[in-house]
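Take a look at the structures listed below.
You will see subunit A twice below: alongside subunit B first, and alongside subunit C after that.
== the complex of A and B ==
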């Protein structure tokens, strides 16, 4: 969808708008924690919102796919089993979400809405109910963190679509791009707070975008070559083995990744009463792909890692999901215990065909 | 630290992190009541990273294994009761036993899953109220006293030696620091009879037979040219194999050459627990308590957040039958709770105030980030219990805990190794890598329970890890049943072939220690440390027809 309108809003007015939103629905915004980290949290008082963050350690994905979610309850009454679906989907607005996370939500939505299979009747009711009640007010990045590489993944620092409103800091004002009907409705509702943006302000946004591109740090992940090599399947076994040796199987990457959405279900309760919950899961765990009776097609760590990268980069998924499975948020760089995060993996796959890299491998062993 | 009045409302509302209750690394994370968990990014240990156990920690909020109400055994069945009722019964029973048999007929077990303050109160309760010196904990298994160190320094190391410790499995955050150091050009030397994950990343991996491991380590350190910051990491294997005395030679040589030795604790608050006095006080150690109870000399046991049946199910059951009274205070419905006379719910680290001490010696504050919904916490229960027994205990303030610290400095004594026997070419070793499998903490989570129980469901009666090359020579395949013979007995186990065991080494997992020990012998008590050890045992294997 093209940009519907260019507006601008002053900094005080934005807070006024957020205050109004917080009264009516759940406002999610970055909040500073005790240790100084920013995290997306429900906000009642707008003075809690922090603007002093590059990217939060967690994407706001728990508001769409909670880490622990009750999906149904069951109860035995007079010998009959009563099963009830639990859908919790309050109206929410996420303020301050970055472009990479907007792309991440779009990617997950492709899977949960059934668009991936061309079967929208298979949509996940829990995820979609929350997605439909969600408004995204994104803030474009002007100072990327050293770990960021969204520019290599076509997911930022500015977006052209996917958001409801995209704000850009112009000093005194925020430039506000309206990206959807939902965003347009929001602007119309608070029309007294918004003004039309001037031509030079729209031009300034383009200039800012060019400036940001020069600020990216040392973690480029040029995914093009990786995409081709993973699709062709001609990556030497040593690369995966070398990556697997350093993997501690924490699963943190998958929990933090805006594009990861795997889950498992557990039943809690007894034969008379209880509930079924779904919780986040990671493909790096041994139990994830273990079959009943014990056989496991991906028993070793390197096989599991290979499968993960295959899902993220293979063309068959890119074709169906509309993009590859990395948005370059750089969170894996922070959370990977074995320092075999996405940029490292991509670099090792890319350099696997150079003779020197083989020699290096031999030395390590 | 800011004065209380200066803290603005925003500051006050800031979410506090909490500390992990699993291994000794002491990672911090933010935990939210809806089950959301975020590693603390600005914490010196977690740095935004957590292991599988840490990520699964939030499951404890929803675990069906939680003990929510006090239980009392009536007519051989555990029944729900009120808090006052349960504490009243426990007080009466303990008073009766104390007055009848004397304080030393009661044993008290503390826990590394409880805070320093709770362990302190338990110690006071035991020594001043019950009047017993039988105070210890099963969470002391494998602990050795060590100096303070700093994990962040490990990342700046130039040389790291791993002396028989599998940090990738048991101390993943430490492994992360080591891999971080490697990526900055450090050298890693692994001295281990097994091939642990870190062995594959090492510049040099020395794989001596278990009996010669410490000798090889001494030789290696003698010949090592120490450059920059060098560290030697060791952990509970050393103690479990009965090498606590011999390893001091290696450590002294290392210190003389400027290498800093680091001992990695297996459990969260192990150091904090021991420094307030939960260690053998000239009287029975934890293992001996069960043995004495089995003989009928110990009449009652008070257990706080400890679960002896995890490692010694048979011994504990036998001891339980002879006990007149068993009181368990635990946040989880453990096997010990199922056998208790009175069980009282406890709290987790994220539900209370207090402090915990990690492997480094770092003292960390606990905050009730998800406040407890229980009527009383452990300290309340112990203070009320002591009133019922006619004594008054002070509230465990920080100053009081600091004042009453009791350092544990055991005089180590050599343990004679099992003599080599030419008829038995293999060496049988205990492998603590699956240390969390089947434990109450692991079973209270969902994802970690699944992961840690794979090995239990694949091999419910245990397995024998054997080197692939050895297996090839002996024509053994995975799951072939073999008979393991030692000079003292034999047992049949399925084989798992891998490169993890070195040539001539047989590994069996720690979680079935008791089962193997009962059949094969080999376990004994190290009197100086007051804990059971399993010395490397000569063995041979016979293929069953």
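== the complex of A and C ==
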């Protein structure tokens, strides 16, 4: 969807608008916690919101796919089993979400809505109900962290679409780009707070975008080259083995990644009363692919690692999902203790083709 | 299936339980209102408090009930095996794609099964027997570990009476066993077929599927596109959401479980699947 309108809003008026939103629905915004980390939290008082952050510690995916979610309850009454579906979807606005996370939400939505399979009749009712009640007010990045690499992943630092409103800091005012009907409705509702943006302010946004591109740090992920190699599947076994050996299977990457959305299902309770819940899962865990009775198609860590990178970086997935599965938020760089995060993996896949020792063993198809 | 009920099972009573062989039993369930399925599809069977497991339907669509053949092997299936007649169980489905068979009218049909893998094939086999005139020869090649592991022992006679050529094999025979000994692929030498007008349906353990498909396509000479297999994975949600059943870029629950050989060959990690 093209940009519907360019508006601007002063910093005071923005807080006024957020205050009004917080009265009517759940406002999620970055709050400084735990000694300086920014985290998305439900906010009642807008003075709690921090604007001094690069990105939040967690992506806001738990507001669409909670870490732990009841999906149905069951109860035995007079010998009859009663089963009821539980869908929890409050009206929410997320303020301060960065471009990479918006792109991550779009990626998850494409999967959960069934569009990936061309089966929209199998859309996830829980996810989609929450998504439909969600408004995204994103803030473009002007100071990327050293770990950020969204420029390599077509997911930032400024977005062209996918948001409802995109704000850009112009000093005294925020430039506000309206990216959807939902965003337009919001601007119309608070029309007294907004002004039309001037031509030079729109031009200033383009200049800022160019400036930011020069500020990125030392973690490039050469997606194109990696994509080709993962697709062909001729990456030397030693690369995976070396990555698998260092991985400590903590699952941190998958829980922090805006593009990861696997879950496992558990029943909690006895046969008479209880509920069924879904919980985040990681493809790096040994039990992920295990079948009943014990056989496991991906028993070794390097197989599971290979599987994960295949999902993120193969053309087979790009063809089905419309983009590759990394938005360059850099959270895996921060969390990974085995030094096998995304840019490192990409670098090792690339450098494997330069080293003679790997070349000899490389499988040629 | 309505979208609101994507994760909501229908509760049905168990009508009958038949112990087939040690650890394997067939559960007979009534069809819920408006239930229709195609051969090769599966159900998510819920036992509340324990969990949900994907089980393929072993009865043909033309049959009046649903038959589920379940092996007692894991956490949920072992609990299902403690159930008795009239106990309640939840089912969700039918899910997944199905065996392509209507386009193969007039063809000779070759079934290749291993162990519990006969259960999903039985659905299609019986559907073809209900429409016996539409198909040419029907051959069933079936292997198990020992003679007492051969599934549906009471039914082979009926299959033969209805014009199915049944060839059995076991990995290890006992003193009473006079038939073939060896893996199921050794039976390929014992049959004479016209590969060009034959279609093969394969189900069994992963390693068996891999070698059976390879031999059927490369040694027996059946066109690769007519070699069809149904794969086994732990499908936790059954509707392409949870991600556990994925192989390569294919989700077994929604793109499968039935795949043709050229598709399977392209899957990531197929060279070394198990």
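Just so we're on the same page, the second predicted complex is superposed on the first by the 354 of 365 C-alpha atoms of A that agree within 3 Å, B and C clash if a C-alpha of one lies under 4 Å from a C-alpha of the other, contacts with A are read in each partner's own complex, and residues count from 1 in each chain.
Everything that follows uses one rule, which is that contacts are C-beta pairs under 8 Å (C-beta built on N, C-alpha and C of every residue); 3 or more make two chains touch, one makes a residue touch a chain.
Predicted model only: the values in this text are computed from it and were never measured.
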Joint occupancy of subunit A by subunit B and subunit C, clash or fit: fit
Partner chain in contact with A:246 - subunit B first, subunit C second, else both or neither: first
Contacts of A:217 with subunit B and subunit C, given as first, second, both or neither: neither
First (subunit B), second (subunit C), both or neither touched by A:266: both
Contacts of A:47 with subunit B and subunit C, given as first, second, both or neither: first
Touching partner for A:292 - first (subunit B), second (subunit C), both, neither: second
First (subunit B), second (subunit C), both or neither touched by A:236: neither
Which of subunit B and subunit C A:57 touches, first, second, both or neither: first
A:281 touches, of subunit B and subunit C: first, second, both or neither? both
Vertex subunit A; arms to subunit B and subunit C (CA centroids, nearest 10 degrees): 80
Minimum C-alpha separation between subunit B and subunit C after superposing on chain A, in Å: 9
Intersection of the subunit A residues that touch subunit B with those that touch subunit C: 264, 266, 269, 281, 290
Subunit A - residues contacting subunit B, complex: 31-37, 39, 41, 47-48, 57-58, 62, 66-68, 245-246, 248-252, 255, 264, 266, 268-269, 277, 279, 281, 285-287, 290, 294, 334-339, 364-365
Interfacial residue positions of subunit C with respect to subunit A in the complex: 1, 3-9, 11, 47-53, 71, 73-77, 88, 90, 205-206, 232-234, 236-237, 239-244, 246-249, 251, 254-255, 268-269, 273-274
List of subunit A residues in touch with subunit C within their complex: 71-72, 74, 81, 83, 85, 111-112, 114, 116-117, 119, 121-126, 233, 261-267, 269-272, 274, 276, 278, 281, 283, 288-293, 295, 297-298, 303, 306-307, 310-311, 314, 316-317, 319-320
Contact set on subunit B toward subunit A in their complex: 9-10, 13-17, 28, 30, 34-43, 47-52, 54-55, 58-59, 61-62, 64, 168, 172-173, 175-176, 179-180, 183, 197, 200-201, 446-447, 450-451, 454, 457-458
